[in-house]
Structures are given as C-alpha cells and as structure tokens.
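Chain naming follows the written order as A, B, C, D, E and F, and within any one chain the residues start at number 1.
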Amino acid sequence: MVDGRTSTAIYVGRFQPFHLGHLYAVRHALKEVRRLIIVIGSSQRSYEPRHPFTLGERMEMIRLATEEAHIPPSRFIMVPVPDVEIHPTWVSLVEYSCPSFDMAFTNEPLTTRLLKEAGYRVVAVPLQERNDLSGTSIRERMSRGMPWEHLVPRSVASYIKKVHGPERIREIASLTKNP
Amino acid sequence: MVDGRTSTAIYVGRFQPFHLGHLYAVRHALKEVRRLIIVIGSSQRSYEPRHPFTLGERMEMIRLATEEAHIPPSRFIMVPVPDVEIHPTWVSLVEYSCPSFDMAFTNEPLTTRLLKEAGYRVVAVPLQERNDLSGTSIRERMSRGMPWEHLVPRSVASYIKKVHGPERIREIASLTKNP
Amino acid sequence: MVDGRTSTAIYVGRFQPFHLGHLYAVRHALKEVRRLIIVIGSSQRSYEPRHPFTLGERMEMIRLATEEAHIPPSRFIMVPVPDVEIHPTWVSLVEYSCPSFDMAFTNEPLTTRLLKEAGYRVVAVPLQERNDLSGTSIRERMSRGMPWEHLVPRSVASYIKKVHGPERIREIASLTKNP
Amino acid sequence: MVDGRTSTAIYVGRFQPFHLGHLYAVRHALKEVRRLIIVIGSSQRSYEPRHPFTLGERMEMIRLATEEAHIPPSRFIMVPVPDVEIHPTWVSLVEYSCPSFDMAFTNEPLTTRLLKEAGYRVVAVPLQERNDLSGTSIRERMSRGMPWEHLVPRSVASYIKKVHGPERIREIASLTKNP
Amino acid sequence: MVDGRTSTAIYVGRFQPFHLGHLYAVRHALKEVRRLIIVIGSSQRSYEPRHPFTLGERMEMIRLATEEAHIPPSRFIMVPVPDVEIHPTWVSLVEYSCPSFDMAFTNEPLTTRLLKEAGYRVVAVPLQERNDLSGTSIRERMSRGMPWEHLVPRSVASYIKKVHGPERIREIASLTKNP
Amino acid sequence: MVDGRTSTAIYVGRFQPFHLGHLYAVRHALKEVRRLIIVIGSSQRSYEPRHPFTLGERMEMIRLATEEAHIPPSRFIMVPVPDVEIHPTWVSLVEYSCPSFDMAFTNEPLTTRLLKEAGYRVVAVPLQERNDLSGTSIRERMSRGMPWEHLVPRSVASYIKKVHGPERIREIASLTKNP
C-alpha cells in the first residue's frame, strides 16, 4: 500500500481502445490501493479518428480484459466522465461522479496538474518499454492495416473484430459526417 | 431464464436512494438473465428535493447493497445515463452508453413505452407489498424525521447517515440556490 | 396586403397539436402576406403533458392540414426553433433560422414583446369564438377521453389516431421518466 | 476585519432586482473585507416571473446603487455566474470565474452548504427588520401595482421604471413564450 | 420507384452552398420516391470557413433552386438537424425531427454507416462528372475570387451575391472571432 | 468625444493575457466615451494553448493593469461573454449581458461584421508599432522561454508569474487532457 489510509484511487484514461499498457496500469494500481475507480474520460466521444469506440464498447473491453486477467470485479468500478468546456471544473465533475477517493494514477500532464491543483496526490504509472503500446499507435496500425492484435488483451482483440473496429477507423479516418 | 438467447438486460432506476425494492428487483432480474446493466437514470441531478444524492453516492449505495446481499460483482455493471431534452433520443443514448443488451426490466410507463417503440422487450418487475417501499416515501420520511432505515439495506442506511443524507434533504426541501 | 412592401411574415406557435384555430390563423396571414414562415416553437420538446408530439409529427400535421385545406405549399415553409435559456436571444435565433421576414403574426404576449423590442411589427390574429379551440383544451380532452376530433382538421385527427396520440398523452399525464 | 488575512470575499445573490437589503449587505461586507466580488447568480435567466431582469440590467442596477451610496468602485467587482445542472460543480465554476477569494457572505442555506463543503468560511449577513425587503416581495408588489419604490435605492427605482420593469413582470406573470 | 412500398426518403447534406450537384441529387431522388425530406445537416453552423451560410440562407437557396427548376413544393420539405456530440444518437435525432421515412440518399460514408447500423436502406446518388461540383471547391473559388456562379443554380448565384457571400467567406477565411 | 450622444461603448477582446496593446486601446477608447464595457470574450476557455488563463485570472489582470495605469474604476466595467455555437446570435448575447451601449471598439474583422450587421457603429483602435504586441506573440514567447514581461503591464507580469502562467502554457502546449 502506498499509504495506510489510502483505500480508493482513480485511474484516468480514454481507453480508445483498452490495451496492454492500460491493463498493466490497473494491475499496478491495485497493488497500491484496495479499490480502483477506472474513470473513462471523454466518455461522450466516438466515431472520430482519435475516439473511435462508444462508451458501451469501452466498458465491455474493460470488463473482458479484467475477466481474462483474473482481476476480481469487486476491486474496481468503471465511471464515465465526459469532457467539460471549462477545464478547471473537470475535477469537481469527477468528484460528483465517483465514490470518494484519496489519490489518482495517471501519466497525463494536464490531468496531473488539475488534480494536484485540487489537492490530490497523483502518482505516475511506471511506463512499459514498448513504444507502440499507446492508443495513438494502435489506432494508426488499425488504420493502415498493420497488425495490432498483440498490443491488446486477447479478448479485447476478438471484441474489436466483432464490432468491426478497424473498418470503422478506416472509414472515419478522412471524413466528416456531412460533406 | 426468460429466454434461452437472453444474456444481458438493463434495469433502469434513479436510486434516490437505492432501497430494498431496488435490491429485490436486481435479484429478480438476475434469476432471468446472466448479466445485468444497472442504468442510473437522471445521473446529472442531485441536491434537489426529488434527487438528493450525487452520482458517486448512488454508485456507492449500489456497491454496498449488492456486497451485503452477496450478489456477485461479475454479474452486473453500473452505467449512469443523464436526462436528455429530446426524450425519444434517450434510448439511443442508453445504447451508446451500455454494452449491448437484449431486454429491459422496469415498471415505469414512459421508459417502457420508449424502449418498446425502439423494439426492446420490456418486463415488469413484480411489485412488493409494502406501499412505503418507494424513493418518494423514503425521502418524505427523511424530510419529516420519521424512521426510514428499515426500508433500505443496512449498509446503505449507514452510508446515508455518514453523508448526512437526511439533513441535506431537509435543507433543500424548501430552497433554491440563490434566493 | 397589410403593407405594399411586406412580402414575408413569421407565424409562431407550438402546434401541440395543430388545430383549426391554427389553420384559421394561417389562412388569415396568407391574405396579408405573400409568403409565410410557420415557426414551430419549443421544437425540442415532446412526450411531456404540455408538449406531447415530436417535431416530425407536428411537421406532418401541418403538411396534412394545409394539403386538406388546399393551401399552396409554395406559399409557406416550416422552420423549427428550439427554446433558448436566455430569452432575449430568441429573436436572433429566429432570424438565424429563417429566410428574412418583415413582420410577425402571434397572439402570445411575451413573443409579441420580444419581437417588438427587436423592432418588428407584430399583428394579432383575430380570435375565433370557440373557447375550446386551444391546445390546452384539446390535450385535456384527449387526456380525459372526451371528443376532440372536431377541433382539428380531419386529416390531422386521423394522423393523431395513427400515432396513438391520446394514449401517449394519458400515459405521460402523471409520470416522469424514471420513478 | 473578520480576519487579518482575509482580503477578498464573494457575496452571492440574484438581484432580481437589487434592493436596499442587498445594499446593506454590500456595506456590511465591505466593513469586513478589503475587496468584494458581487456574484450575480442565475445570470442566464430573465423574462421569467422569478427572474425578470437581464444580466446587463442587474449590472446597471448595482452600478447605480453603489454610485448613489458612494461605495468606491475600486472596492468591488461584479461577476456573473450562470446556474449549472450538476449542483456540486457550482463552487468550482465560481472559482473559475472570480479572482481568488477567501470567504463568502450569504444567507442562503444551499449556497452556504456547497461553499462549506468546498472548505470556505461562510458568514451570514445580519438580516434587516423589514419583512418586505426581499426580491419575492418586491416582484409581487410590482405585479399587483402596489408601491415598491421605497424598497430599492432611488437610482434603481428610476432605472426600473425606465426599462418598464413592472409592466414586464405583469406581462410574464401568467405566460409562457409559445402558447 | 426503387420499391413499391417506398414513399418517403431523406436526403442529407450541409448545402454550403446549395449547388447543381445537390439539385441533380434532389431530381434523382424524386424519381425514386414520392416525397423527399431534405435534411439540412450541421444546421447550427455558419460564419465559419467550411460553413459560411446561416440556416435561413440555406433554406432560401433550396427554395429558390427548386422553384427555378420547377420541382413541385408539394414533393419535399426541409428539416434542419444540428450536429450532436454523441454521434450514434444522430439517427434518432433525425427520426425525432422528420416525418417518418423509409430510406436515405447520401454519398457520405459515415452518414451511410450510422443509418445502416440503425437499419435503414441507404442508396448512393450517382455522381456527376465535374470535379469542381462540391461545396469545398465552390467555397475555395469564392475565397480566391475565381468564377463560381456556373456551379450553382442561377437564382442561388443571385441570392449569394445579394447576401455578400464571397466577401463573408474571404473575411472569415483566416480569422477567429476574438483575436 | 466621437459623438455628443455617445456615452457607453464596448471593447471586445480575449485578453490571453491582457497586454500593453489592450491597455493602450482602453485609454484610447476612454478619450472618446464616458464609460467603457470591457467584454471578455471566449470567457469559458482556459488551459488551452490559445486560451491559457481562466476568467477570474483575466479579470484580475484587467483590474491590476487599470489600477497601475490610474484609470478610474468608475469609468469601466468588465463583462464576460462565452462563445456561442450559432455565431449570428452572439451580438444579442452581448446585449443581454451588458448595460446598454452605443458603439464598439475592435480591430477584429468578424466581430466588426457581426456588430455592423446588427446596426452598431464600430471604430477600429489605432494599432501600435510593435509587431510583437499580440497575445499570440506573448504566448509563444512564454512557451519558448523568451522574455515577455516587457509586453504587459508590470503588475500583470507579476501576477502571471504568481499563477505560474508560463509553466502552464508549456505544459499544455502539446497536450490533451486524456491521452
């Protein structure tokens, strides 16, 4: 445990898609705290090049990945949080949406800053070695028809294929809704 | 099982607060389907007479109540859904926010109608005998200082006291934010 | 013609539903101006006691009623305008949404005031004698199971029955979406 | 001074209209702190029975009243803050919108609670004896044609007459925008 | 007729501005279906480089172009639909806003995908030969001072000149509202 | 005075940050009119590369700069105005938010156009010689670690350092909230 009194932490990501780096971070965080709140950020966005998957699809990916990894479902909950236009109010929206928490895991600088300014302790997740273990890299691989399956949990790879994720990403790569 | 192919259902409520009738409905639904998505409706509302609790508080109540009742956390997830101004688009927001589902449990007539118009099978939850087992009745009891603890799971009663729920309800009973 | 230079007017209503009083007002206005813009106000509201019908349903009612009354479709267009939170910006939203217009027909006091403050000439529509020729009265009749068909154009009555309007109004009369 | 370190406070109101009780509160607060931020709440609402005046009109009333009362304009600024749907995020919107502040003056219970939960010291403004010194009472007097001028600063009374405030209140008393 | 039972279709575009390619598509669609709903997408956008014209201006262009082309106004209506942040709810907003329809005409891939996922038959409009018959090309020509009038109906060209369209496009080409 | 009857003008800017060019413009405008309304545009944006500062921070900068320059606080007020999606309704939002005004100062072409289309006289502020006296240039200097202090009033430079402005700009330069 990071701290004897620490029982609950948030872990913030967009999970477009949920990949092995995210799974590593969840495991790492659960060594430190008893319960984890996985905050699904930019929850309102989908069918865009950087945000291809719906909220429901991302929730299903997290469920499948944690089940495959034998992470007990009693140890975490998922909470979607949409973007807000007035950025400094984002932390209070997270506080509204989540059961109370003591600290945060994230490697993202602005999220770190906003949470620290609101008084939270923020801990970085140790990065993994592979450069390509990022949402950006995986979406680009899908978009170019390169292999991507080895970068996500097996069950997530199957699910992404079932919902035709790579095709969707290719379709929206260069398009807007109404030309 | 209601139907051999049915694996996932939604159960829609506001859970202001989560009471024994809701717990009964969850148990009942889990006899029929393998997995349940508990849709927390009007997720954006709180600190109002009919909507006293925040989203995070309602998620915590559901977690505590299901843990106390030994309902396996692998059998359900919670998904918040805010109100929408254009009501007939509400079902598509639920579809966006949830992993895919086959049917719905609810006793609420308008939710029933909107889901049926969108093609879903909707099953009513058998009502319990006690008249006072409703959010309205429980909030009114809190507001008047009458006993309410016996109408919610024990762990939920403790939690509501910890967040000073009855005091909050009394404060907001006759008030607007800026007089 | 009210005025030699006047070619286009707006006529503002909610049309919940479109009734014979509305039809009378359209006919009256088309005697005065060459072209009419029928502004469908509160366009975003439906499935509520005072706003039962969707925007598409209201557009269809207007199309059916004007066709039945042999009003040439070249003489008018329909433009939906949603409510705005900052009321004095409503006129500029109407101006954004409509081809340019010179004057307005309405009997509603606040609409009249906002349009006059923005510099428009506003003309009242002569009222008809029948007291029950109002949306409020018609919705109440539907809600109570009393006859209402004689208060709307014949084609509108058929259409309302086809979409089960009275049943919808009865269902939502005393209900909110998530109890 | 309430506290040696206290330099800036907020004072929250809707100011529909700005009356002698508000002026008294501003004077009182300025005895305690060096600078005051007058937060104009529900800034987006107007042309409604409980919210008749626009934001610009309320700003002008405060400017006129403080000028008439010889309150130095270097001692205060005005900051509009609209309502938010997720109430517990309101305090962070105030923090976003205002220069930094140390404490708050208000008599309103829910504002008090939200600010206290966010860690601010909240001080009640001593109430004045006259029962009718409230926005509700003044709007009702305007609506009924009773005298109201003695309840607001002289310059505010002139201004309200200039913008035809009582007429506006009577017009909107029983009306919605689109009948 | 595409299909004996097909009576009403939607045709989706942004019409920035309405050009000869759009007119061709409307004619083509009206050979297949009895009634057409022209959905004016991104209805809320204007005064931006890719979205120069207001909703009212686009409605007027469509009216003028169809009148010039002798397309009977009884065969179509226009329905504005704004963008939505949660893309998969867009189809249900179209359904809310339009009289009921059976199929859709569009060449746009994402609109096609969303409508197909919602169960609609989508038919592509045969493309015309001229490469420059696109909104993008026409706006660029206006922006550079090149001839564009031959790419839109004659009445639309006159109207665009009357509202100083090319000047507006040049002004907003490299600008934001508040520098 | 520009015009004998002119008493109040608006001056529109984003003030990211408030610099010597803005101060010059305020002084210039106050030679022409009795009272100035400083409209803080894009009031809702912050923690973005082109919009680093919060509304409260921008209000504080204006207060400090005018105090340092001995501009009497009785001569101006500050009014925040957020962006609107439907651009042509922006002027009516300014009218809603401000005490009544007669004319506008701005050098920005689109603001000029929208205000002129609404009937206001718009006067350009004489530009100063220094090329680097712009928000864009100052933010870029902060971002690159180049000197910027000489381009803003002394008190504003101190304040920006106190809130760690340059560090914030560097952090958000290449980042989004949730990677």
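The criterion applied here is as follows: contacts are C-beta pairs under 8 Å (C-beta built on N, C-alpha and C of every residue); 3 or more make two chains touch, one makes a residue touch a chain.
A quick note: this is a predicted structure, and the numbers were derived from the prediction, not measured.
Counted by residue number, the contact pairs of B-E are over half the same as those of A-D, the matching pair from A-D, C-D or D-F. Once the centre of each chain is set as its mean CA position, chain B and chain C turn out to be 37 Å apart. Once the centre of each chain is set as its mean CA position, chain A and chain C turn out to be 47 Å apart. Of all residues in chain D, those touching 2 or more other chains are 46, 54, 86, 88, 95-96, listed in ascending order.
Those chain pairs judged to touch are A-B, A-D, A-E, A-F, B-C, B-D, B-E, C-D, C-E, C-F, D-F, E-F. Those residues of chain B whose C-beta lies close enough to touch chain A in the complex are 43, 46, 54-57, 59-60, 63, 67, 72-74, 77-80, 95-100. Every residue of chain A that touches chain F in the complex is listed here, in rising order: 12-14, 41-42, 83, 85-88, 90, 107-111, 113-114, 134-136. On the side of chain F, the complex with chain C involves touching residues 86, 88-89, 91-93, 95-96. Put simply, chain C touches chain B in their complex at residues 44-48, 54, 168, 171-172, 175-179.
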